[in-house]
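Chains: A, B, C, D and E, in written order; residue numbering restarts at 1 for each.
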Amino acid sequence: MIAQTVAVALLGAVAVWFGAAVFRTSSMVRSALSLLASMAAIGGMFLAMEAEFLGVLQLMMMATEMAIMAVFMVMYMMDPGGLGQMDMSHQKRLSLASGVLAGLAALAIAFLGGWGPVAATAPDAAAQTRALGIEMMTRSLLVFETAAVTILVAMIASVAVAIARRR
Amino acid sequence: MNGARLGTWTWPRRLAAWAIARDLQTFVVPDARLARGAGLDLAAAGLRPVATPRHATVLVVVGALPEELAIAAAIAHVQMPRPRAILAVGSPSTPGLPEPDVAAPLGQEALRVGVATLRRVLAAGAFAPDVEVAESAAVQTRTEFVCPMHPEIVKDEPGICPICGMDLVPRETAGETSPHTRGHGGMDAHAEAPDRPETAGDAYTCPMHPEVVQPEPGRCPMCGMNLVPREDAVARSQPGHEATPMAVYAGHEPAATARVSHAAHDVDHAEHDAHAAAMPDERPIDHAMMGHGDMGQQTPMGLQTASHVAMNHGEHANHADMAMTGSEADATMPEMDHAAMGHAGMEEGMMDHSMHGGFMSMVAMTERLPRSADGLPMEWIEAPFGPLFPGLPGGLDVTFTLDGDGVAAAAATVATARGVEATWLAPTETFPDRLAGVDPLAPVAYRLLARRALEAAAGVEIDQSIAYARVRDAEWERVGSHLGWLAEFGALIGDQWVADRAAELQIAVVRLTSEPAAKLIREIRTFASAVARAPLIARRLAGIGTTAPNVAESVSGPVARAAGIATDARLEDRWYRALGFMPSVREAGDALARLHVRLAEIGASLDLVLAADGYRGEGPDPTLSAHLSGAGRATVETPRGEARLRIVVEHGSVVEARLESPSTALIRIVPDVSVGEEVADALVAVASLDLSPWEVTP
Amino acid sequence: MTTLLVALAIGAVLFAIGLYGALSQTNLVMIMMGVELMLGGAMVNLVAFWRFLHPERIEGQMFVLIVMTVMAIEAAVGFGLGTARFRAKGSVEMEEAAELKG
Amino acid sequence: MSTLQHYLVLAGLIVGTIGLVVTLLLLARAVGQTRAEAGKDVPFAGGTLAPKPVWVRYHVRYYGVALLFLAFDMEMAFMYPWAVVYRELGLPALLDMGVFLSVLFLGILYGWSEGALRRQ
Amino acid sequence: MTAATIVAALLAGAYVVAVLEGWATTGRFQPGAPLVAGLALLGRESVVPRRPDRLLYETAPVLLLAAAVMAAAVLPLSPELVAVDLATGALFVNAAWAYVMVALVMAGWGPNGAYAMVAGWRFLGQLIAYAMLIVMPIATVGMRAESLATTAIVSSQVGLWNAATQPIGFVLFTLAAMAVAFIPPFDLPTAPGELAGGVAAEYTGVRLAIFRLARLVLVVTLAAAVAVFFLGGWLGPWLPAWAWTGVKTLAVAAAMFAAGRFVPRLRAEHLLQWTWKLGIPLALFNIAWVGVTLWWADR
């Protein structure tokens, strides 16, 4: 149990560190890879919280997603190497204030909320994956099929706007 | 040893030195094909060719290097990590390169001995208590500082960009002494570029309000910005402005880009000069218009002034960018300073408005950038693929302007220029040898060319035995040359089997003496038909580097024949006609067609060799009068196409010689076949031309 | 309990960083990064709730899957829009997207 | 072995990998240090000293496929749990997944027809 | 202990694979060559290019090695000899391989050289091509085993190997596996002739040694994955279980290298087109095929 807490805290610290690094570096590639590291650490937290399928999935999905993000950053941002140490932000104070405020509010809810008893054990990973599959095919079937349609819409939308029509 | 690592001997170092001496990764200069053409089998001698000097221990120098190539070799050498060694084959030392650690004469046995010596030298000298640092002038760099967004800002010391306030970043540029400062006549162009007119600063205007004109510097009464020197008078008088690379790139026509960045130096020069002169001058006007144009729409909070300023300068940057991607870049050149100086007044103005950390308009930054076919304005980089690039002939210096991994513009030149035709002038006895030295990739064809020109001058006819001996020689050379090309080409497209087998057969052809060659001929035929039938190779090459009809007409040889033009100098030769020669022609004009033409030519050449008695060996040449006078011309179909020679002989000496070589035409079509392709395909297209940098005449 | 609180705290901090990033950045892609971080924080909370409050109810995990899908879709559509905008204006700066705001 | 111990082994392997790399680096350092020379640290560019800036806006030509991939990739998040229970649920599950995948494949077909799959 | 055995086996496998690769590329069988080459690289200078993104440059080879080791950790040599028998092993292997791409993108961007950068972004395109062909065949393998654990997947092949029951998946996966490990003809990111070494171009000395070691380990894991998922892993008569996995892995690796010797490198564009226009429809068909055959068998 203590090991679990320590692991969650450590990986969480890594996630937060890299999350902050995203906005602290001026190199776009570093920025995207920092986000990847943050997301991978979150995946690690999932593993530490015994959500194995989700953790591994997060590790995998985010690697490709963030690498593709890096590509788009390098395409559309000036000075992607961050050589000029350019500052690309605005309304800093406002953002900082909202960030801190939102964070405090969330923390307050986390610590003040009565969460009730904590479950000591979770089902093992194989059972989780199986349960997830059954859930998907039974009660959440509609959610599952809706997800397909949503993804389809996203694919159509992004292709429709992004691809230049040729003569 | 020259390239030893610093350190006294300890047992781990001994072990490492032993291993290094066993594992000889090799970078070959000028290229491996030339080595094989000299009959050297590097792999059999224990050398393992690799694609980059970064991974190599041994720099193998084959033959004598011309000056520019020697500089490139020196750079490659210094980029090899220590311990590194130089093995010179066939030439004891090369000016510009450090002394070779081992020198071996040409020949496989000598190479084997040389490698053995090299192993001993490396094992004994990989580490040394004191090492010299290579201080060749060629590899000297000086550091300058440049703004990442505004390439025209180049300073000698660190600081911030006067335009946008970003930190300047250091970068190297080649030392002033190097004649090879990123080629294409860049340096010369800059030296010749007219200086910025001294009289330019006679009127001052506001960058935002062109109607404000004052005789002395000051602030604009309308917006308070610092005034900048006005130079529009000069700008209008520049007729060449339309022809700047920028103007061409702004259009979406890839064909147009191809035209601009030809290897032809004078074209570049002209454009460059025009551009350099026009650039500073037109700015105030453009800016002013831009600033006004956008002012209405764009009002981010409290940033109006600053963003306008940025916008103007963004545009500046793009002018400079354009120049850089277009012809030889301003960025590295001394001339750049003067471009930057042109804005001196304006920069100060910007400083006042302090853009530090401010908002910079991307719209303005990208507005004038070249757009790709899909409409995205991207930045282009210029990447050199040569003179020492593994996939291309050594000495061929191709520069691709890369738009992502696509080639947006290409320029080709050679680093093998070895002086002028005057050096060939010689007595008639030695003239063929001199001319044979023109192109180490086709010495037989050039010797034959010289002989035939001399005989034409003398009016001598040759008999059948000599003619057949010449056919055999020339055709064997063609077979060897095509195989050598195929080996390099196979390595470029990553087909190990083709590369290895073709290299093996090339060496066998080169080493062939007068013994019967039936087995070799059979093997070559089998190999050629296997390559011709390989479906994946066909997929890989089809449609790459297709030559337009007018482009194909400008060249000769296999490249023309692959595009359906049945041109071949051998058709004019009565001995070839007697042997029943027919040229091999394909229609498609792409890299695949060129491969097929060469494979078919290998077969046809073997047929000719067999028809002309099969053996290799030089025939006796007819003797010429020692006091020959006259003029002669000859044409020979070299493996790359028609080479034409005109000579004037006086009293047994060649006093004038003019050569038209096929590669001189081929190098001009490099942009035509490569622009618009993906970089790997562009390399395939260039390599499929099989041009020999050695025979390119200015 | 401690682990739950630690996880929730981390989720909160990630959310805060993401919000800060989304608000302070001028660039579409960077803003999307902020949003992804916020979603990441949300996912941490969801998994923590699932694990420590109702590990027997798999809907918690299903919900995380949906959030992940949302992240991917957001990325795809966002980059699609970014590409279109970059083609049209040469910029994905939000400062310069005034006309998008109407 | 509990699940968390599994992850501990994985973490140990990562640490071991890093340890191996550090050892190799130290070993190489003990053999000798790199000697600075002019031009040596410039990236190889065909035997030229090419100081042109490389980190610029890079035109990635496959962004059309990349966009499709971003969305299509999610399919596997749903497919793996389904794969595990497929034999248990039988043919209806295959049909459910068939509908799901066909819907997604429509997206690919649309992208194909719009030219998203070609080099941009 | 098991983990140590697996690591030892992995290193041994990497060595043999290095010999095999040398055999395929130079045409000579030299069992000592990798050792000599490794020592030589250790003894050579390791030049750091001027002003690289040092962090990315240094991390990339380590990440590549770590990713390969992670993938190896869940692949079983025998029922007992598996470092970590994760319940989601098949997915975990995928996740580990995804970081191969991340490492190569870092290696491409880090040194600030044109060839490396082109090569690095190229590999991301390669991932977009091969990723689905890795993911979907593994899912069908999981369908048959009713589990994502690699050991369960091997056990499910007792009657008949997956290569026989789902040949389309087998072929697609093997080709995609070659693309993951950038074995010719899929060696777009290193492309010796085209990009002078590509992502590896600016790595020298010990860093190059680490990079190459990582690549070899990666090849081992991919060959092992083909053996485990499709060729019945440890199943086989006479020999001990671990030996069967080892033999199959090396045979697959040798076949991959041998095939790569005779074909030209694929064009980046063709790779994307073929995988998305042909590969993915085939992989989807494979899912349907496996679904129907399993249902028929279970009926």
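A few remarks follow.
Heads up, the rule we're going with is that contacts are C-beta pairs under 8 Å (C-beta built on N, C-alpha and C of every residue); 3 or more make two chains touch, one makes a residue touch a chain.
The model shown is predicted, which means the values in this text are computed figures rather than measured ones.
Common neighbours of subunit D and subunit E, by the contact definition above: A, B.
Relative to subunit C, the chain whose mean Cα position lies farthest away is B. Chain centres here are C-alpha means, and the one lying farthest from subunit E is B. The chain occupying the central position, as judged from C-alpha centroids, is D. The two chains most heavily joined by C-beta contacts are A-C. In whole angstrom, the spacing between the mean C-alpha positions of subunit C and subunit D is 21. Inter-chain centre distance (subunit A to subunit C, centres taken as mean C-alpha positions): 6 Å. Per-chain CA centroids place subunit A at a distance of 16 Å from subunit D.
The mean-CA centres of subunit A and subunit B are about 47 angstrom from one another, to the nearest whole unit. Residue positions 5, 12-13, 16, 52, 54, 79, 81-82, 148, 169, 171-172, 359, 362, 365-366, 373-376, 378, 381, 383, 389, 404-405, 678 of subunit B are each in touch with at least two other chains. Residue positions 3, 27, 31-32, 34-35, 40, 42, 44-46, 50, 52-61, 63, 66-74, 77-78, 80, 83-86, 88, 101, 108, 119-120 of subunit D each touch two or more of the other chains.
The residues of subunit A that reach two or more other chains are 4, 50, 52-53, 57, 61, 64-65, 68, 71-72, 74-79, 81, 83, 90, 124-125, 129, 132, 134, 136, 147, 151, 154-155, 158-160, 162-164, 166, listed in rising order. In summary, the structure contains touching chain pairs A-B, A-C, A-D, A-E, B-C, B-D, B-E, C-D, D-E. For subunit E in complex with subunit B, the residues that touch the partner chain are 24-27, 33, 36-40, 42-47, 50-51, 114-115, 118, 121-122, 184-185, 187, 191-197, 200-205, 208, 260-270.
Remark: subunit C residues 26, 83, 86-87, 89-93, 95-96, 98-99 touch subunit B in the complex. Across the complex, subunit D meets subunit A through its residues 3-4, 7, 53, 55-60, 63-64, 66-75, 77-78, 80-86, 88-89, 92-93, 96, 99-101, 103-104, 106-108, 110-111, 114-116, 120. The touching residues of subunit D, counted against subunit E in their complex, run 3, 6, 9-10, 12-14, 16-18, 20-21, 24-25, 27-28, 31-32, 34-35, 40-46, 50, 52, 54-55, 58, 60-62, 65-66, 68-69, 72-73, 76, 79-80, 83-88, 90-91, 94, 97-98, 101, 105, 108, 112, 117-119.
For subunit D in complex with subunit C, the residues that touch the partner chain are 63, 66-68, 70-71, 73-74, 77-78.
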